[in-house]
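Two complexes, one shared chain (chain A), two partners (chain B, chain C).
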Partner chain A sequence: MKIAFTSKGNDLDAQVDARFGRCPFIVILNTDDKSFEVIDNQSSADEAHGAGPKTAQKLSEYDCNVLITGNGPGGNAATLLEKLNIDIYIGAGDMLIDDALNAFNSNSLKKF
Partner chain B sequence: MKEIVVISGKGGTGKTSITASFAYLARSVAVIADCDVDAADLHLILKPTIKRKENFYSSFEAKIDPVACIGCGKCERVCRFDAISSENRIFTVNPLNCEGCGYCEKVCPVDAIKMTQKLDGEWYISESRYVTPLVHAKLGIGTENSGKLVALVKNVAKQLAQKSNKDIVLVDGSPGIGCPVISSLSGAHFVVFVTEPSVSGIHDLKRVYELAAKFNISAGLIINKSDLNHEKTNDLISFAEQNNILFLGQIPYNENFTQAMIKGLSIVEFSDDEISKTIRQMWTKIVNFVEN
Partner chain C sequence: MKIAIASGKGGTGKTTISTNLAHYLSQKEQTVLVDLDVEEPNSALFIKGKLDKVYIKTRKVPFWEQQTCVLCGDCVSNCNFNAVTKLRNEIIISPQLCHSCYACSELCSSNSLPMIGLPMGVLQTFKLDNLFFIESKLDIGEEMAVPLIAQTKEFVNQNYENNIFQIYDSPPGTACPVIETLKDVDFVLLVTEPTPFGLNDLKLAVETVRELKKDFAVIINRDGVGDNEVEKYCNDENIEIAAKFPNSRKVAQLYSSGELLYNKVPEFYEQILVLEKKLKSI
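Then we have the complex of A and B:
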């Protein structure tokens, strides 16, 4: 399974960023082999509008099953993510990715 | 560090007047961010001294190179905003009409059109009259607030708070429920709704509440001008109860709001009457909630 985390940093030691559209990085963990990939999303700071849908578009290329974030995407991005069949879990803002993963595994994150 | 966002949905509910009072009450522990950039007016009360000023570029505008242009007119035909016109086959862009979509740039056969970034306004780090740092911005005429600008103002405020060991970032949020509001709410720990008992006040509150609920942000409700319509005030209180919104209190219509504004003061500075006590209690409730 591939789990994407909106992240403040570019590795698995980073904190989850509460924002979706304008998070600087997305860290994608493959739980089968513990490998990870990183999407550099820092350019989202330059988008005047529609940062969420653009971030969702970038995510669409990675075949993720789950997205873990803080507050969740806005309406437009949420529609796109739903079409991509990505389950969204929220409430992980400011947690370390590792802690967010544990929270997800113990069903303590809220489904968006 | 906790981020508290004050928001209203509808304009004219007293959001900024109440935010200014909160800013005064939190003056030693907070950094203030004014994200209501379309019509920013928190600075009228906080009277900031600007410490740092930066240009803000966001939107785009088409520019036609008259030397490269072959006068084919494709750009004029595709422009949905009637921003391109011609005289004797010389094509020009009217910057007031150009929405920056870039369609003309795409269809130009000789690459004579370039999208250039427009100076939309300025943003500032300032020291308010309370010495509390204030991050704010000013947009030019015809430019609009955006999620980008809100995110920028909030991020600068958060960095300042971290650097100066402040516990709270107090955000005067943007109106509506669009991109700037999504950006105002994203990452917040608590949202304060300031509303009034009117049809439009309640309608807009419910819209912005839906957004905050979706984002799973704890919320509190302040009913301003609560004696305008007692029935609607009661409706609002039950709405808060049903939706797990912390009811922070109500303020009857009061001339102090106007009088304080005329003097350039927040309400809690202007007088020490019941209204001020109520606002102080509201802020205490918020801080207690956020800290637990």
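Then we have the complex of A and C:
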């Protein structure tokens, strides 16, 4: 299974960024072999409008099953994410990715 | 002649002045009142005219024709607003981000993004004796006020003579909706209240109208509350104070029940006369 985390840093030791559209990185963990990939999303800071849809488009190039984030995507991004068939879990803002993963595994994150 | 009643701060009395002034002027001559605060128009609370016409207003957004699309992705890179996204084999339009610039549509090599009309709000016209009242209201959930404001102004230009008074009840603030409202008016009246908050936002509004190179004057509403810093500022900046409407409990009471003031509160009436004189001298 591939789980995407909106992240403040570019590795598995980072904290979850509460934002979707303007998170600087997305860390994607493959739970089968513990490998990970990183989407660099720092350019989202320069977007005046529509950072959410743009981030969703980047995410669409990876086949993720789950997205773990903080506040949850805004309306425009949510419409796009719906089409990707990703299960979104929120409430992990500022958690370490590891803690967020544990919270997800113990069903204590809220489904968006 | 187009007169905008604007302000920096919200709740200073734009609608109070607009409706009373327009109604008063219409007792003598044909007058147009336009509520351009399309996000929450409220002049209609005070002007109870007879509904004349209703128009559904639309703005243009692209519509994706899947059959002809070659999925080149040019539309995505041509959009400055991230309103067009490519998700795998699908082009998705986010209408709330679209600024109707036509770039994606015009530059599409397979003509797969025709522009279609998307309803954004309603324009209504009312008639009350010699007063023509036009109100536009955005649909719930619509984020962009500018296209509706622009279309409403166009409607007014096409349907009413410019040699009569046209009073624009403007949105508050200094952002795009206000710029759109003010950009082709002949004169701006900035309504403020004599408080630190009123002064702070008045300064922003003055900066805006100066940038737009508009002739303007200030109206002090609820004169008597707060301090005299607004007057000091206007004197220092050589800004004319066109009228001062006194603070009054009677005004608040009548306003709360949706009534016009100038025919019931003598000190309010006096200031409307002062304003009339000012406007006729422009």
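In the analysis below, the second predicted complex is superposed on the first by the 112 of 112 C-alpha atoms of A that agree within 3 Å, B and C clash if a C-alpha of one lies under 4 Å from a C-alpha of the other, contacts with A are read in each partner's own complex, and residues count from 1 in each chain.
Note that a contact is a pair of C-beta atoms (placed from the backbone, for glycine too) under 8 Å apart; a residue touches a chain by one contact, two chains touch by 3 or more.
Worth saying up front: this structure is predicted, and the values here are computed from it rather than measured.
In the superposition on chain A, A:57 contacts chain C only, with no contact to chain B. By the document's definition of touching, of the two partners only chain B reaches A:70; chain C does not.
Annotation for chain A, partner touching more residues between chain B and chain C: B.
In the superposed model, A:83 lies in contact with chain C only, and not with chain B. In the superposition on chain A, the residues of chain A contacting both chain B and chain C are 47-51.
Residue ranges on chain A touching chain B, taken from their complex, read 17-22, 45-52, 70-72, 74, 90-91, 93, 110, 112.
Residues 58-59, 146-149, 151-152, 179, 182-183, 185-188, 211, 214-217 of chain B touch chain A in their complex. Only residues 47-51, 53-54, 56-57, 60, 75-76, 79-80, 83-84 of chain A touch chain C when the two sit together in their complex. The touching residues of chain C, counted against chain A in their complex, run 76, 81-83, 85-88, 90, 92, 94, 96-97.
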